[in-house]
């Protein structure tokens, strides 16, 4: 390996810049050349590629988003597109590729590796929906953003005895709602992994009110259902206005947290090390507080486990 | 005047605590006793009242919401309720009342003054919809909250070339959208005071994209229409996903800004001074960077002027 | 006027980027060409100049510091340097110059205008030490940074019954300490404009402690004296540890506040308008909440007035 | 065990409130009564104790500091004091004690357990200087506070080509400097665990400047030496002003991070579980991302290991 490429793909996540910075600097430190590929696999196909030096990743560690931009690529879904990608990689003398992204991006990396091209994946997605790693890049920042929104709502909800619903990201994986709910001390957490009973939600609010609780904040992962409809049904049950906040892409942005910056640094380091050790077709991650790596295929097959302990703890603490 | 009462009413706003703190401490400093009335006019009617000392307003200056809580009161809309309020005020030997709130709260204060009870109003509402004052308490903080949300969206929107809609508060008054849009450098600002042409919004996005703009953020005051519908119509025009963020009551919360804390301190001071000078039935405010006061009636009659200059400036700067 | 130059000079201040962005875009909108001069007067002398287009000021509104960089220039103090500056301006066909900076930068602008070159000054300095304008760019953000530091100290000081000293900027002008102290609700504010009596400071702390106050935070503008020495003397008087926090250049950085961004937009607009109207040798500012302008010379001669009212108000509220 | 006591001792740390909340609510949920002991061991000796119910720990999860206050106690150092503490515990029918604090607090807990009283320790200290646990409560928040300060400095340092020194906490343990330096991307990190060579620091700054680096930020743990002296010596070497920022107790305050809030919840849960299982004289912690517990004595004897890997990684990335 003499020159590596690096790209970010899929939805962007805070900490991607830290991982880019680390990948580039560790590679250069080890005598490799580095090509930055813009706009993910689409940019790869379109040869939107530039050489990267140490200064090119200066002052990005504290920025959300990704300096290399990202995109979803339909062209890369086709065999023609994938071959084109390989051609471009060879044309630019790139002999190893670091892909920063989520599930879909890893599948693309696996495809390239199946075709013989050395790739390494770094988990970058705010959803934390990759089972093989305890944390994905961006998750901690996204949870912090939600908790900070809960902080704001707490002030005003207390003053008014209000009920608020906050819709957060998570179509299949409720981790953002779960962690933010536990950290934010909300009254109820609705996640796609568990059924919910709106009567019980309403009961809890009414009981809390009798015990003097001044506010009720309910977190809903988007996969659970339509927040506005749930709010309406809840209003009917508790006879009180329920206001909805939809955080949307707000959760993708923001200055990366300390955790995401350090993870990004460590992931980038391990990714380059693997390429230097001729270990390809692997993804890096963190397990039991240790940076680890594993075959992409294996990683993609691990079933995501819901953290029932944290869910139960949040339930007890919200009393 | 020997004892004053203070209450917060209507929607809460950051800075209300600073105004309560100032009112209480300035009053005590001037030898007055102070009664804190909880839950606005409703708490007044229900005699939810406690004596306040210097320590009771310690460590609240940095908290959103209102320590005295707030509520909307239907009882106070009736003549019976208003008389009951007067009875309670006299029963508790309160001979002057400071009301912190918006339009509706001021009407209540005016009613009490019409019935002969000395009242002073402090403008506390995030909407900035009181025409007689350049700023209402809470407005600056709410705008900051929106701008900080725009900051987050900017990172991720740039990475992805995304179009985002952010719905902010403002049913009749677009000031939050206007100020946050100008400060946040968004691409378009839709306010209830001005008609909008969605074709033009779409044109601007498409032109910006051609010029290399990586993101488009559109602020919509809630009075303009349903964000989700506008998003759908816009998607049809620009053939690109448009994600909606609804900030909701998030905008009411948060640590008050410097401006709102200083305003709160100054408003509280002037309110107590007016009571000490036997000037009643007045509201305090800030105009031309000077604390001022005026008859409630007059204040309520001033027509709100839309700040066309800022609107035009935002338009030019968003090119 | 066909082409204007813009530079930032002296200490940087949050909001300078907003002013650059506005100056550039308003100028381009009005058909003027714009040259960005890097590193202030020194860069001018060294012809460190680039053409600026709309995209060159994209995504800087939310960044602290200045995209055009800044420096102090000894060369420009000399007549030779000043003539060289004029030569460069003419060589680059710049026929109007916008200077963003403080006192010293304005003197430079005045010198150029005295030599016949059309200049306009925009007040950019966190110290708020320009008397002719109610606010300078960066002041509001700096005060917010200090208040946020006070917030942090408040938590821990309360838990421990601690006394803390916070040293803030301000060699001659205590405005940062004054505004942050009033907004932060600190126990004492020491500014260069007023003598202080350490016995009185100590008395107040001891009395507060007896009344149940859990913490004491004292703000000191750097012009008052050495914080560590004052802390030692205070420890001797109150027999309790006094910990010092020195915020230093922390106060220069940070995302600009809403106020500073809007001011930046408005100052840039007025600066370009003045050049278009052939009004030269002037500075822009804000007075009584209105954007204004005035001859540089006059502006530099206005004596700075200390805001005794806010000082007294802070004193009463800190009881 | 029918009634437990909970106290915070030593320096306060963000997340202590989350741990108090969790301890109280988990205990109540399991049918135990809870006594809150104010001001640490000193308050225990003085019987400054109140019964705690669910509402008493409402709305504290987001607050820095500790609701139970803290203090250092000389009385508790003596045998008389310790016996008095035992008497008070028995008098109040407390039969198990949760101590939240650092090294010194744990020694106190061990003393009580040596005397036969059931105690459990929760690690709460921003310094992360307890070797047996990967994280102590408050560390993540403190690091975030430092990183946010670095963010601010970065803006202004870039604009000016400045060199800044930031002094952070850590007399014997450089973890705050190490983690914040890695996450903040600073140019140099000086910790008490490693000798430093100021010539090398200076060389790096000068080389960086030649390579176009616009700023240099150097983090110094307070145990390394006097920042102002180091700054002066550095100025002599690089012929450029070096400004010092001393964060002081700022690092103790602030809203707890997500990590610290979740840790607090989990630590409190495990602490109560241990008491319920009649396992005493133990401390809880987190290792390899799992909540664990171990005998106090053993925990206190573990030697703190410096994280050389992170130190080396930071070194490479700062190039």
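Chains here go by letter, A, B, C and D, matching the order in which they are written, and residues are numbered from 1 within each.
The rule is simple: contacts are C-beta pairs under 8 Å (C-beta built on N, C-alpha and C of every residue); 3 or more make two chains touch, one makes a residue touch a chain.
All values reported here derive from a predicted model rather than from experimental measurement.
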item: Identity of the chain that, by mean CA position, is farthest from subunit A; value: C
item: Counterpart interface for A-D, drawn from C-D, A-B or B-C and sharing over half of its contact pairs; value: B-C
item: Distance between chain centroids, defined by C-alpha means - subunit B, subunit C (Å); value: 28
item: Distance from the mean Cα position of subunit D to that of subunit C, given in whole angstrom; value: 35
item: Contacts with two or more other chains, residues of subunit D listed in rising order; value: 151, 154, 158, 214
item: All chain pairs that touch each other; value: A-B, A-D, B-C, C-D
item: In the complex, subunit A residues that touch subunit D; value: 21-22, 25-26, 29, 54-55, 58-59, 61-62, 134, 140, 143-144, 147, 151, 154, 158, 179-180, 182-185, 211-213, 255, 257-259, 261-262, 265-266, 269, 287-290, 310, 313-314, 316-317, 319
item: Subunit A-touching residues of subunit B, taken from the complex the two chains share; value: 8, 11-12, 14, 16, 63-66, 69-71, 145, 149, 151-162, 164, 214, 243-254
